[in-house]
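Consider the two complexes below, in which chain A is the common component and chain B and chain C are the respective partners.
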Partner chain A sequence: MSAPSVNKGLTFAGSPIKLRNIVLFFAGVGILYLIPQFLDGKPFELRLLTVIFLYAVMGQSWNILGGYAGQISIGHAMFFGLGAYTSTIAFLNFGVNPWIGGLLAVAVSALAGVLIGIPCFRLRSHYFVIATLVVAESIFLIFSEWSFVGAAIGLELPIRPSGWENFQFHRNKIPYYYIALTMLVVVTIFVIWMERSKIGFVLKGIRDDEDAVRSLGFSPLRYKLIAMAFSAGILGFCGTFYAQYVLLIEPPTVLFASISVIVALIPIFGGIGTVAGPIIGSVILLTISEYSRVHFSGSGRNVDLLIYGALIMVFAAYCPGGVMSMISSLRARFRKGAV
Partner chain B sequence: MNPILRVENVSVRFGGLQALGDVSFAVANNEILGVVGPNGAGKSTLFGVICGDVHPDAGSTLLAGKSITGKSSDEIARSGLVRTFQTPRPFTTMTFLENVTLAALTKTNDVAIARERARLVLDQVGLSDCCDRPSSGASTGQRKRLDIARALGTEPSVLLLDEPLGGVDPGSIADMLALLKRIRDRGVTLVVIEHNLEALTGIADRLIAMTLGKKIADGAPKDVMSDDRLVRAYLGDDDAAA
Partner chain C sequence: MIQVLKSIGRSFSSMKWPLTAVVAGSLLASPATAQETIKIGALYPLSGAVAKSGEDTLNAIKLAVEIINGQHPELNIPFAKTTGLPRLKNAKIELITADHQANPEIGAAEAERMISQRKVVALIGTFLSSVASTVSTVAERNEIPFMTGDSEATPLTERGYKWLFRTTPTSRDQARDFFVFLRDLNSKTDQKVKTIAVVHENTLWGQEFGKSMAGHFKDFPEFTLAVNIGYQQGTTDVTSEVQRLISAKPDVVVHASYDAEAILFAKTYKQFNFTPKGVLAIGAAFSSSAFRNALKSDANYFLVREHWALDLADRNPLIGEVGQLYQKRYNKAMDGAPARAFQAMMVLADAINRAGSTKPEAIQKALKETDMAPSSLIMPWEGVKFDAKGQNTKTRGIFVQTINEAPATVWPFDMARTKIVWPKPAQ
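Entry: the complex of A and B
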């Protein structure tokens, strides 16, 4: 077959992209960068948005493996925790700057993802899900007992002067907002690229029918490991961010199963296998979580989980594809109506 | 004969069942070889062995003179031998074009080039009107063609087709046969399992007949179709005698 000519037009990673979408994306990002100017003296709203961005990034990272490749993990807290511990231990024991520690966290989490993926990807469907849960729980138990990482007490980061060089901001938390937002923008652009690239096509093929992908000449294991490395690496940096934000890490806050569940729930609720899904899921679920935590005081944690549960049941019954699928079907109906 | 594919003394046993017993044959370059036999004859197991899904207990397979025995199915596909499935398996969350683009990405990392190649292939199989349609809504005939298009997207040298006419409406069979001939004319060797013997006889250069895991006949379609052993395999000894 001779090399065909390629249609010229606006493309990204070889696939057509609408100028309108690019303009909307960057306009939205621009507005988000301006928002802190209006949040002076509003620490709750600032924290809420920072946490929404962080969890949206975590949701995007889960979505790479769970949404695009169809490999449902409920053990992703392990990569978040490994990232948090890597940069913290590197700083406490070797004086490594947290920014460099963040890159180390990406490498360690990605490597852990590959090493865990090699045996776990031999399993399919429910068995893979159970394997991720078991591995994550094992890591949780090991870190809870291991004195080098502070065991159950965890590790505390010493307070350093506020500043970008120390990745610590005490009175004015706005830089955390910018860092979280930048993480979200970078990761979202990366996911848009990945979705349209060869990797994205193969991952979606694996999600639909792994054996059919293999029959065409692709190694599903290789691509699942790539997805795992991307997914785990991104979560590793999220762990570093969290450690620098809270300055205290312990197994229940960075390695616990509930983190894995929430990280999976965000894209599932927003729209699994879509770019916007994790962002929408994070906005809705984290807003509910944070407001219920504040308004229901000590019992807030349980209330937000109750609301999560109710929402998930409603969506599972009436809109299993999440908010994005609901938007798509509404759009289709609107278009039909317009015709 | 210049064989591109050679199967030598292949045997497969599933527990107490001898699925294939000492099967040997060769496929010439640019040939259409039909594989016929009743259900349970071992045809699909034979395909499984050739494309690496089933590992034989004995024997070997060679593609263009190189052993592919024991290789994984993705390695074999990368070597140029690709299969379609008895029940087509489209990637249902993708459009027709995306299905074939994915296949074409085995030959390039550039999605734009793969997409254009996919358009050409869809045009070749008569699905150019369906490019942007979701494959989940495809009819059986369209699924069969899409399966073939996807395999062609990988630019194979040998194509194993598992019942390409199964489920295709009678009015479209002639078109499908013409398509298979065109594919061969483009230099692709075809090995076809098919139960529609009349249709297969019309396009195959040669047939092999199987029953109970053994090859019982190999030769020109007319000769194989009139072979008593094949008739007995389909009808049983009593009916064949009658």
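Entry: the complex of A and C
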């Protein structure tokens, strides 16, 4: 970023966003809101876009902690799962409307994030990574055996009539698309704001040099906890969305390590610590995985997963900074060539 | 530049005629090949932890479709002698397969795609009950029949769905078989069984089984539960579990364990000289080839509740035919899971044939009217007939005992070729 993160007056303001970019952003969003009109009778494409939005949101939330604050977590499935379980249990046991359940999920996940963060943030770099992995695995095991939450069998949401008030849509799934898209727009605007706010500057400072930030009088722990709460809370709502979308949750699908890996992989692949990174990562990774699955998975030879895995390896080897770093280096080269 | 364009143009003009011929040829050929295939979507886990079982199971379904579509005058299996389904002008079945990756969300999405974009008339699958749960919901909403021959979780057919049909016994029915078997055994021997210990691994399958077992004691008051032990799947030490068993002194132990832990438990039993009257198990782990290879003669006398066994071929020639075909086609012995899936596909084909139509309502009606005799099945059941919830009510389990390091069917006693060894001799 162009604004200095450390200066005497400590004013925090990013360079103003260009009007052109604001117009482009909202024009793009407008087009996305119109797309479902053309997806009648195409559930595959509709679902693909819905899932891309969902994973982009999950990537954004991981990016707040992993990308901006530099605290790499591979245990984020726990917040997703906690969110899914919170709203589902609230609905099944207390009849709480899933929309309110979603807000509860945000609160529970954010609180869990803070409680887990307090001890884990005492650790740095790879020790922190291991701590997140271990905590997530413990939660997975607890939920697999705890009969109140359905143990390994999981919880099934009863089918209610389609409608916004029930957060369930059956024959026509376009509302899920709108909800996922709205989540993405809101979270992306939030991240843009956060990136340019004081919090964003301190988080980036922590990522680059934690001790320097402390020497300026900021508490790194406090800001890391704020990042964790944002990150976990957003994932909590994603969990509720997933539960309402699939209507069945079980530890292997909402709490398992594979979710932790994918939510980290998406921003890392797209461009860690950038606003567009998680969106680009989600679009590319999910498009490849879904199309290769549809076209090759039926053979039972796992060609789809081979293609997916090979692509990630090639990318990791040749473009470790993600798609965004590739774009900016290409742009730099183009500019140089033009001059 | 112009040179390049010209050469591209030339190559296009030289390609033009063969291309047209191909297009014309395919247009002419299409009416013959597109003649009314019956599209059925098959959803199985082909990647991940249960990929192997998913593949074996899907292979059995593919074999069933090959038998239905081709002409096999030498076989007595239904639909083998004719091509396709006779009542649908010999239309062939086209199987559309997909990997659901053991993920209920992907399973539901694939089901939806198959129904609306591939126009399947029925679905079959899914091995995992969690995926069957979401797939059946999609099928119910879209009013497309969904047949499962391998998803066992009891609640699936408790939801009152009208488009879900299950040929395989539920996990509750399978647990019940242990009680029926032990009651039958008690009537035949002096070594009466009174106390039962249940040992199960703690993933979905084991937990379901443990629950199902516990639910049956009130219907079989002559038995009492000695102890119910759950353990973590993938554990490398079961000493404490075995010590708990020893102190509970059960007459029999009933297991739900996967391969590795089955071997571990059998070895630890021997180490601690724990000798109940019998060790019974659900699933194939205690009679698998891995188990027998690891334990040699110590693998003897364990009893396994199975769905199917090759040695039943003496009584039912269809079992021999299918078993041989499977072995020849996939170079692997058929076992219970593929046999069940094969049967489910056959039941579905039978219903579509009787419906004489690919309309989902007609297939659903025919499925509801299904009443198949044991002689047309490869499963040792009393038939296939669905109740109002879509559950087959005529299933039956068998018990297989490893004797001289080979599996042999020992129960039901009237089906058994080999006499049961009871109580389990101390080794």
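The definition used in the following text is that the second predicted complex is superposed on the first by the 312 of 339 C-alpha atoms of A that agree within 3 Å, B and C clash if a C-alpha of one lies under 4 Å from a C-alpha of the other, contacts with A are read in each partner's own complex, and residues count from 1 in each chain.
Please note the rule applied: a contact is a pair of C-beta atoms (placed from the backbone, for glycine too) under 8 Å apart; a residue touches a chain by one contact, two chains touch by 3 or more.
All values reported here derive from a predicted model rather than from experimental measurement.
Peer 1: May I ask you to decide whether A:Ser292 touches chain B, chain C, both, or neither, giving the answer as first, second, both or neither?
Peer 2: neither
Peer 1: Touching A:Ser15, do we find chain B (first), chain C (second), both, or neither?
Peer 2: Once the two structures are laid over each other on A, A:Ser15 reaches chain B alone.
Peer 1: Look at A:Ser87 in the shared chain and tell me whether it touches chain B only, chain C only, both, or neither; answer first, second, both or neither.
Peer 2: A:Ser87 contacts neither chain B nor chain C.
Peer 1: Have a look at where A:Ser73 lands relative to chain B and chain C in the superposition and call it first, second, both or neither.
Peer 2: Neither: A:Ser73 stays clear of chain B and chain C.
Peer 1: Is A:Ser144 touching anything from chain B or chain C once the two structures are fitted on A? First, second, both or neither.
Peer 2: Second partner only.
Peer 1: Using the superposition on chain A described above, determine whether A:Ser325 touches chain B (first), chain C (second), both, or neither.
Peer 2: neither
Peer 1: Does chain B (first) or chain C (second) touch A:Ile153, or do both, or does neither?
Peer 2: After superposing on A, A:Ile153 lies in contact with chain C but is clear of chain B.
Peer 1: Identify the partner contact of A:Leu216: answer first if only chain B is touched, second if only chain C is, both if each is, neither if none is.
Peer 2: After superposition on chain A, A:Leu216 lies in contact with chain B alone.
Peer 1: Would you sort A:Gln60 into first (chain B), second (chain C), both or neither based on which partner it touches?
Peer 2: Neither partner.
Peer 1: Note which residues of chain A are touching chain B in the complex, please.
Peer 2: 1, 3-7, 11, 13-15, 196-198, 201-202, 204-205, 207-209, 211-220, 273
Peer 1: Of all residues in chain C, which touch chain A in the complex?
Peer 2: Spelled out, the residues of chain C in touch with chain A are 44, 46-47, 51, 54-55, 58, 96-99, 101-106, 108-109, 112-113, 116-117, 130, 133-134, 137, 141-142, 153, 155, 202-204, 206-208, 230, 232.
Peer 1: In their shared complex, at which residues does chain A touch chain C?
Peer 2: 41-44, 47, 141, 144-145, 151-154, 156, 159, 170-171, 242, 245-248, 250, 252-253, 293-294, 297-300, 302, 304-305
Peer 1: In the complex, go through chain B and note every residue touching chain A.
Peer 2: Going by the criterion above, the answer is residues 51, 72-74, 77-78, 82-83, 85, 89-94, 98, 101-103, 105-106, 109-117, 119-120, 150-151, 153-155.
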